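In the two complexes below, chain A is the common chain; its partner is chain B in one and chain C in the other.
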Partner chain A sequence: MTQPMNFSRRGFLVSGTALAALGAFSGSAFSQSEKVFRLGALNSITGIGGPYGPYMLEAIKIAVAEVNDAGGAAGRKFQLFAEDDQTKPEAAVLAVKKLIEINKVEAVVGIWPSSVGLATMPITNEANLITMNTCGAPEMLTENKKGLAWMFQASNAIFGSAFAEVARQRGFKRPAVMAFNNSTFVGQANHFKESWEAKGGKVSAFVIYEPNQSSYRTELSRVLATKPDVISLSAYRPDATIILKEWCQSGQDCKFIMPGWTANEDLVKALGKEATEGIISISNVAASQSPAYKRFAAAFKKVANREPDIFAAQSYDMVITLALAIEATGASADVLAINGKIPSITSGNGQAVTSFTEGRDALRNGKPVNYNGASSRLDFGKHGETVPDFGVFDIQDGNLVLKETIPGHTPA
Partner chain B sequence: MDWLSVANAAINGIVIGMLLALPALAITLVFGIARFPNAATGDYMTLGAYTTVASQAFLGGSVVTSVFGAMSVTALVSLFFYFWVFRALAERSQVARLIASIGVAFAVRSTITFFAGQDQHVVDVPLVRAWNFGGIRLLPTDLYILTTALTALVIVFCIMHLTPTGRRMRAIADNAELAAASGIRSKRVMIFLWSLTGAFCGLGGALLGIKAVVVPELGWELLMPMFAGVILGGIGSPVGAVLGIVTFSIAQEVASLFAGPPYKIVFAFVILLCVLLLRPQGMFGRPMAAR
Partner chain C sequence: MEGYLIAIFISILIYLLLAGGLALQYGFTGLVNFGHVGFFAIGSYTSALLALKGVPIPISLAAATALAALSAYPLGMIALRLGGDYLAIVTLGFSEAVRMMLQTEEWLTRGMHGLPGIPRLFAGWVEPQKTDLLILILLVVVCVGVFFLIHHIIKSPFGRVIEAIRDNEVAVRALGKNPAQFKTRSLMLGAGIAGLAGGLQAHYLTFISPEQYVPLITFYIWIALVLGGVGSLRGVVMGTVLLVGFLEGSRFIRDVIGGVSEVQMASLRIWVIGVALICVILYRPQGLFGSSPKRSR
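Now for the complex of A and B:
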């Protein structure tokens, strides 16, 4: 028998390699006779993104079907190739290389975590591909050197400042910060701290925690020991569930400000009304009254049996935006020309449209259009970022109640 | 750093460590008797957690019956994979069986996510406030978890040391050929081993599900700390596995007070490193090369 230590090390190596080799294989083969647009979907199906990624892929499929049923964009039908990035940059790099080199995609949509967005951007930039994501790390804007990346979710620089603004308006004096250790949430936490301290205040505790733990009690105690009156909690749903459970059990009184993609009805379902009462939830104002959202939500409910979340709505918008840009440039246009059209079909004084067919018909009549999506009005800033309005919601008796709307603005 | 936070962190470490001691013991028993590191251990835990959720959702009933249900289901699944996979590979190399167990892990997890989806689930237990003893916080839930884990561990150690089955298990772990030559039928021991490890993983997963949230990666993510704990205690030593994983967990929690949470796992591994430098066989392991 060999040395046990050697053996275990080997075991880990083997399991690591086996894991790395794992990837989902998908993609459909259909006739190549008509001109197609090869679209890659890179979603976080497994891993920490599991609560969101599968629905984003559903949303992309709904949008692809909508465009294809209408005869395609400028006559080009979308051919979808889907990959799972496991919410891990290493797996994402392999997946995106496969999409580019084997599937020869022309755009990659549905990237969810900033870690994946930042890891894949050099590769997609090198290959001159359009990418559309929901990444919120502030670095996404500076890394978007070729202007090929489009952020459908507001930057966390804006989110963090909005959190601080709300905390101040609500009269809190001793905020503490707790954040999941990734580029998105550390960015959010840093901007909260910066904008709180810029107006002369102090953050009582600043704790970045490691994900995938079965308890966050030690981290939480460290924050609660400083007796904050509010905690800016930048977390995803699984870790937020554990932290709030442990907070509730601790019996200490304090409020929470959280991003809306975590603090929502699903969180209430997981924790019950008592532990979630009074949480302040901040998110892009979902364009819940817009015709685009209503139509998408109806289609989404048929397949997923639930309301779409903000990321699903953003994923739907990615495909429709891309389709309208292709329509506007024409069937023979290359990727760079299509990319150049994205700002002009989403903002400006063109006719406001809320669906692909509506936009296509206007474009065919030679009119400029402005697509207002299911997730927001979709006006892109100069770095490819959306600047939506923020809604401030309170969770009251298990329901999200809109308290006020803060107009979005780009950070200085 | 005041002693209260250190005490609270240590308590937290003990609870997590005792909870993980159940699957860690399963790893070390399989390693000692079936002679390979079972990478499916984590996903057996996941199965236990999901079974608890499912039995609560579909059958109703109390948490206790759900946990017993989870233990039985996981034990059956563990037996099933023994008969289907590990028995057939019994004569193959350790690496072959390790890879097979990774395959089993994926099979278990994918089957779960096929039915339950990727979204998180929670075991429905009422939230209760912690007892506060002059700053030292104790959670009633944690106390139940601790008691359950301790009871289970005591039972298994009694079985190991006081019953004929336990003696046979130890004999096979000591020297499989000699045990066979003395007329010990290994098949019966194996069936017992796999049901026991399955039940233990199921229990560990169910308790973890009660404490945290139930996600598909619940058990898989814990494989690394569990293996580290087992190595720290000495591979193949049941007492070592329990003390190893508890030490590892306490080290993690206490270190996070001093070094900041992102570095806590690093500190736990530093302790592992120091122990292995002084005692390469682990805290309770016997030097295997000497045999």
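Now for the complex of A and C:
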């Protein structure tokens, strides 16, 4: 202990050499080939994103296999490098640096939380990387300065106002808002309130709750005390399960509007048909109807043994979209050229296609295409955001039944 | 490659600063601080908010250090009169209270939306690719400075008193010293160092949100301390390098071994740390690089 500083220097040196050796070794394990497209998957495998990240990665693998089995995009096969961001910005920064510097990826897909999206965007922008994410924070649009980021999930502004629209159309008078405390859901809740009050209504209660509790009775009774006729519940499955159970026990009558990634068959499985009867579930419209979704869902069920959620479907679409953009630009194109093609292959008057091979064949015949994905129609706005149509489902006897479709629009 | 190595070293050095602060509090004073991340968070937000208002970064960093240290003062006044275990609970509660405050005081912290666009250290000094290297150099300088300071504090009369408090508080009191005062100072010093680490991290990441300041960070630092050895600076350094090096290095284990999915690796990582921790406690309770405890029996 007499010379602590000496040792720390030596410590850095030793570990530095070790890490450098490891890095060099892993670098040699993957030989560079001009025929591949190096694709990074940055998923929230652990942390709050844990219920979704592993399935997103699974979906990405399915899409990669689909493209590679078809001979690659413009002849380039995807080589996948996956990393866990632990749903934490600082871990994500390291992971994305590893993907860029060691694996030399050209695009990063599957980013789930806005915190990771915002923390990694300066790095990916600097390296000129295409990124595809499911982030809903409005800052994603303003920080997307180079136009390289693509938001596959509707922003929470669009979601929130869609919820309010549905509540109004169904004739509810006293909506209450309950939301999980994170950037996406708080945003959703705020936009619900704004959009509801803009047309001259009042929200009976507005409660943001802290995650990871074993009971939400306090929060729930605050909401129920105001006697709402409907609760807009922005939640994930674990907390939604507890809240709905406690609501059932309270015996009070009221309806729920929830996002589709929470209010689905899994929730019915967890709570039973009785407690979930009549829940209004809102998700991107293409979800259960489109051929792209049906094909993807079948492949997904084989590996994961369950129905894919919306984030998995979006992750699948990320890879297919990217593959079609590569196909449209040609084998020798650089990342910026590929990026420039993304809007034109997902919208416009081209031939509507729902799979990679279909799109590829059309492109090879010189026809423009419009990819309609497994998660939505995928029409991107000028900041890289999707504006999907929403499907309004009722849970009836344990099944999701499509009631109507409402167009999503960006609130002013 | 270099960019990634630099990022890893930056990460190690930030953790090292945190560990240094905790070593002073626990390793040398015997204060069981389970809320270290709270001071880290205060530092991050103070520096980030000031810099976003246009305050030059050096001043905002100094303010971060000062505010983190000051926030430890009332905590010390209340808690240090309590025994060790009570302090653990109070500090844990403190760090959670800080996080809750960051989440709910939206007018100040933007709540869960986090703070994007925090000015980066050395932005505009050199081309963007080089700023990381400058940040690394700054962190090395800061770490060397802080550890030099801690080393001197320990060797000073003040250091002898805090070590004596750790080993036998009653004896210190019998000698006419007021342990609470020394403990408060030690707590404030460690908190200040954590605040500085927080400020530096905010200006490196350029985005912070309350989710980053969960108790897990505190316990990572505890793991580093326990692994390396609590009562020695050398142990602190090695423990931190081993832990962060392993957390990051394990990404490559998967590339080398193959057949392990990212999902399995995530669990395996935690599992290995747990096993290592148990082994250290069973076979080398003083830590890998720690000296035998001097505690009186």
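Everything that follows uses one rule, which is that the second predicted complex is superposed on the first by the 375 of 412 C-alpha atoms of A that agree within 3 Å, B and C clash if a C-alpha of one lies under 4 Å from a C-alpha of the other, contacts with A are read in each partner's own complex, and residues count from 1 in each chain.
The rule is short, and it goes like this: contacts are C-beta pairs under 8 Å (C-beta built on N, C-alpha and C of every residue); 3 or more make two chains touch, one makes a residue touch a chain.
On a predicted model such as this, the values are computed, not experimentally measured, just so you know.
Enquirer: Could you say whether A:P238 touches chain B, chain C, both of them, or neither, answering first, second, both or neither?
Expert: first
Enquirer: Between chain B (first) and chain C (second), which does A:S250 come into contact with in this model arrangement: first, second, both, or neither?
Expert: In the superposition, A:S250 contacts chain B only.
Enquirer: According to the stated criteria, A:P54 is in contact with first (chain B), second (chain C), both, or neither; which is it?
Expert: both
Enquirer: Applying the document's definition of touch, where does A:L400 land relative to chain B and chain C: first, second, both, or neither?
Expert: After superposition on chain A, A:L400 lies in contact with neither partner.
Enquirer: Quick one: classify A:L118 as touching chain B (first), chain C (second), both or neither.
Expert: The answer is second: A:L118 touches chain C but not chain B.
Enquirer: Given the touch rule stated above, what does A:I62 touch, chain B (first), chain C (second), both, or neither?
Expert: neither
Enquirer: Based on the superposed arrangement, let me know which partner A:N43 touches: chain B (first), chain C (second), both, or neither?
Expert: second
Enquirer: Looking at A:E210, would you say it contacts chain B, chain C, both, or neither? Reply first, second, both or neither.
Expert: both
Enquirer: Is A:A157 contacted by the first partner chain B, the second partner chain C, both or neither?
Expert: In the superposition, A:A157 touches no partner, neither chain B nor chain C.
Enquirer: So which bits of chain A does chain B touch that chain C touches too?
Expert: On chain A, the overlap between the chain B and chain C contacts is residues 1, 4-5, 7-8, 11-12, 15, 18, 22, 45-46, 48, 54, 181, 210.
Enquirer: Which residues of chain C touch chain A in the complex?
Expert: 1-5, 7-9, 11-12, 16, 100, 103, 111-114, 116-117, 120, 128-129, 143-144, 147-148, 151, 201, 205-209, 211-212, 232-234, 237-238, 241-242, 245, 248-249, 251-252, 255-256, 261-263, 265-267, 291
Enquirer: Which residues of chain A touch chain C once you look at their complex with the stated criterion?
Expert: Touch list, chain A to chain C: 1, 4-5, 7-8, 11-12, 15-16, 18-20, 22-23, 25-27, 29-30, 43, 45-46, 48, 54, 57, 82-84, 86-90, 93-95, 97-98, 100-102, 114-115, 118-119, 122, 126, 137, 139, 143, 181-183, 186-187, 210.
Enquirer: Name, in rising order, each residue of chain B that touches chain A in their complex.
Expert: 5, 8-9, 12, 15-16, 19, 37, 39, 94-95, 98-99, 102, 106, 113, 117-120, 122, 127-130, 132, 137, 139, 141, 208, 211-213, 215-218, 221-224, 227, 231, 235-236, 253, 256-257, 260-262, 264-265, 276, 280-281, 285, 288-289, 291
Enquirer: Would you mind writing out the residues of chain A in touch with chain B in their complex?
Expert: 1, 3-5, 7-8, 10-12, 14-15, 18, 22, 45-48, 50-51, 53-54, 181, 207-210, 212-215, 217-219, 221-222, 225, 237-238, 241-242, 245, 248-251, 266, 270-272, 274-275
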